[in-house]
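Common to both upcoming complexes is chain A, partnered first by chain B, then by chain C.
For the complex of A and B:
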């Protein structure tokens, strides 16, 4: 466990020193800071539009960071041959991969926390006394779920990074993120359409189970448009977090098996 | 793999994770997600989004896209580019069906802002505006707003078929999140729907509630609302007394025995003449013996084959889906004739807006309609809530709106007449009621308003 934590801590340090990530983060933060410039609408719309925009910026920036952060992680270690100095020590490859993943998630968490902080400050400055502590907590529910979503995306990318080049991985992970987000609504449409053949429905269901489903973490709508009655949102958040943890576990095992068989 | 046990452990973890995530997703999460968080049906059908926007929207950024589009719609609106606003409103409501403000603004925009050069509303859009309202209700059934907005459109814009306004406003009032003062509109709708007892009961309940709020919370708005409700309640009681409604409840004898304001019924002596003075230009003049200001008579021109059951209106509620292009081959003009000094005279030019007035059909109906339920209160003081104190010796009609006393007159015109073609090129097509008499305009018509006394029979 100490080895995993040591690798994770080193990975976090490396990640937050990477200029490309810092630039993406800076762009995200700048977008968050200028988002209130959209206050051209009525009071109600202003809040709705601002929440939608700000949460969208957090999610989009986090997705780019999650992919860019993880696609280089294993290949860079192999290319720079720093992996030799690690695996020659009493560190197993599975520990190395899990440490790297936890480090990536840690760095991602720090960056998302920073963005969430800027988001909260933006709202506080915009609405001042109208923005209460419960509003701040309510707003944080979305980034919390995005964090689980991005952790899953990072697991996808780190799994791919054990056997493909970073460029290919970038498109593969990005593509899977899109498909994983698109497929659930598509599957839903297929199910609703009575003319869909049974075989297509079954195939869609199978693919729905196999592919990671990212859309279940998009919980921002009730936060953006308050007044909706959602039964037991906390239970839902726990269920989707459980789903994420299980899927991440599956991807990490797959990554470990591939890395273990790979000639380094 | 260095050890067999690690290999086994990894296999077990993988199997548990695979089965667990599949079971969790299919067993619990999907249904919850579908019910509470999934994009609604709109996104699985045509949205008008291009491929990138569509993918972006479905990838979890639909609220963000909706926000950007709404900001864009606002800039189009500021520029007066109303045609460009419509598809954006549609897209935003499809992307984010919970954004009530877009539904409400969209309804208002579709229902009110499309006009011809004389700022006459294109009422062919109203069924679409109502369809948008109904869609908003379907997607947001737990909040009052879309019920209220839809009710308001029936009450204010359509200003007819008041049972519809009552239906929606009752739903709005039943929601807990409604602003207290907004409940007051239901009482007004009930009055126009001639449900006076219900309006009286409601005013009583509204007063109790407003008084309680004003006492417990004490804000200016609550106190103001309490005073407004008290005023409405008082007015209704006084009016019901003066117009003989309480007396009627006790029997015709009581009503006959006292000089209520609604007696004797006032004869409006309506007459009208309509001429096609130029191609697609109508000149309408006539008489109406009611107070000098405040009376508006509805005039409409429509295809004669359009829904004959509906006199002097479109089938406002006949559309269940939002279609932002009204039927291009349908003509429907509706306007108001303002009565001054018991006369009205209006030129209606339909030449400049061929998309609004296509005149494709071969036959048309020109209708004149007056419903005392829509009249201002000072006229209803004489006419009564449902026209009991109102009559017209020639054109009183109780069938076009069953249970209501209206004036209704209709003329037929052909397409050739309206276009002044063929035999009508040099002859002015004219239709008039038998009682119409030409009255030469006088200088005093421009700036003097004569105020006759209705109680003395309007002399």
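For the complex of A and C:
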């Protein structure tokens, strides 16, 4: 366990110093800070639109960070021969991969926490006394769900990084994220529609089960999900978090199996 | 003496799209004694790093057997008593020298700051312990690499090009450290191109080319085939053309003839007789020990050509 935590801590230390990630983060934070100025709608629509815009910025920035952070993680360690100094010690490859993944999630968490903080400050400055403590807490639910979503995305990318090049991985993980975010509800409706041909239904069901469903984490985006209400939020959040953890586990196991057999 | 490393017909085969099945390492029989410094020599792509990676369990042999300190290769328990310094690895640059050692120490499940500081002192980096790796020179990075390879007090060290790209001072420092390792009873397996360095510190060597061992043994025995340098004055350039001895190197400059010839009494006598009858003046007859470089060049030239291991490995990985 100590080896895993040491690898994770080192990964966090390295990630939060990577210039490319810091630039992406800075751009995200800047957009968050100026978001109220871009909003020219009426006061009533203002809150909804601002919320949607700000959460969109947090989500997009986090997704780009998650992919850029993880696609190079394993290939870089091999390319720079650092992995040899690690796996030649009593460290199994699974420990190495888990450590790298936990480090990536840790770094992602720090960056998302910073964005969430800026987001809260932006709302506070915009609405001042109208922005209460419960509003602030309510607003944090979305980034919390995004964090699970990005952890899942990081697991997808780190799994791919054990056998594809970073460039291919970038498009593969990004593509999977888009499909899983935008088309999952479409596959669901295809599957549930009685008039859908059997082949399409089976395909939709297969795709729906195999591909990670990223859309279930977009619950609080009022633009993407207008009027969406969740009957029992606690159960829902636990279920989708459980789904994410299970999926992450499967992806990591797959990544470990591939890395273990790979000639590095 | 017990074996630190022993391999029997160790083979690594890669499948290449263009060339089919290629033996990057073929039927490798290697024997390294405990407590010796062993030089593993070969040109680029000869299969040196592939062999080391197999011995470390980083890649898997296609066939054959290998034992490191009595354990079969791939056994994770060995990793507690061996260590590896790859060729010019990258160390996490944001860390200080001390933090880096503490990181590697934690991979053994330890947290011994005092030991890390002692090791930094040992490699003359105590004063730079709080500098980040990014601030270290190449030589300092190599020394911190050696320090990390000593964290587990290893019985066997694998050093891949330990002095590659370093200045003469750093060369000497690393060389002294390696000699100290042997004095402490450790076995050291060095893969290197620096033949003069290897000649100075190694007890035994093996020369590998195209995945096969072509020479293996004690340096003193391998370099036995001595040569003699015969120097004579007052000769004409035409005389040098009359010297016909197999394997002799003849040069002529400023009226001085220099013949480098294998130590063979009849050849040398014939050459001296020839010089005298041409009214030349003998200047010197100096017996010269064969250099490792000579042995290396002879061996590599004699080895059959094939596809270099590195090329195949790179192709397979791509």
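The working rule: the second predicted complex is superposed on the first by the 247 of 264 C-alpha atoms of A that agree within 3 Å, B and C clash if a C-alpha of one lies under 4 Å from a C-alpha of the other, contacts with A are read in each partner's own complex, and residues count from 1 in each chain.
By our rule, a residue touches a chain if its C-beta (ideal position, glycine included) is under 8 Å from a C-beta of that chain, and two chains touch if they have at least 3 such contacts.
Values in this document were obtained by computation on a predicted structure and should not be read as measured data.
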item: Overlay on chain A: chain C relative to chain B, clash or fit; value: fit
item: Partner chain(s) touched by A:53 [first = chain B, second = chain C, both, neither]; value: first
item: Angle at the Cα centre of chain A, taken between the Cα centres of chain B and chain C once the superposition is applied, in steps of 10 degrees; value: 160
item: Partner chain in contact with A:80 - chain B first, chain C second, else both or neither; value: second
item: Touched partner set for A:208, first chain B, second chain C, both or neither; value: first
item: Contacts of A:243 with chain B and chain C, given as first, second, both or neither; value: first
item: Which superposed partner A:132 touches (first chain B, second chain C, both, neither); value: neither
item: Contact breadth on chain A, by residue count: chain C or chain B; value: B
item: Which superposed partner A:92 touches (first chain B, second chain C, both, neither); value: both
item: Lowest inter-chain C-alpha distance for chain C and chain B in the superposed arrangement, angstrom; value: 7
item: Set intersection of chain A contacts, chain C complex versus chain B complex; value: 92
item: List of chain A residues in touch with chain C within their complex; value: 2-3, 5-7, 10, 13-14, 17, 80-82, 84-92, 263-264
item: Residues on chain A engaged by chain B in the complex (per definition of touch); value: 38, 40-42, 44-45, 48-53, 55-57, 59-60, 92, 94, 177-178, 181-182, 184-186, 188-189, 192, 205, 208-209, 213-222, 224-225, 227-231, 233, 236, 239-240, 242-243, 246-247, 249-250, 253-254, 256-257, 260
item: Sites on chain B touched by chain A in the complex; value: 1-2, 6, 10, 13-14, 16-18, 20-22, 24-26, 28-30, 32-34, 36-39, 41, 43-44, 55, 58-61, 63-68, 70-71, 74-75, 96, 98-102, 105, 140, 142-143, 177
item: Partner chain A, residues of chain C touching it in the complex; value: 53, 56, 58-60, 76-77, 79-80, 82-92, 94-95, 103-104, 106-109, 111, 145, 148, 152, 158, 313, 316-317
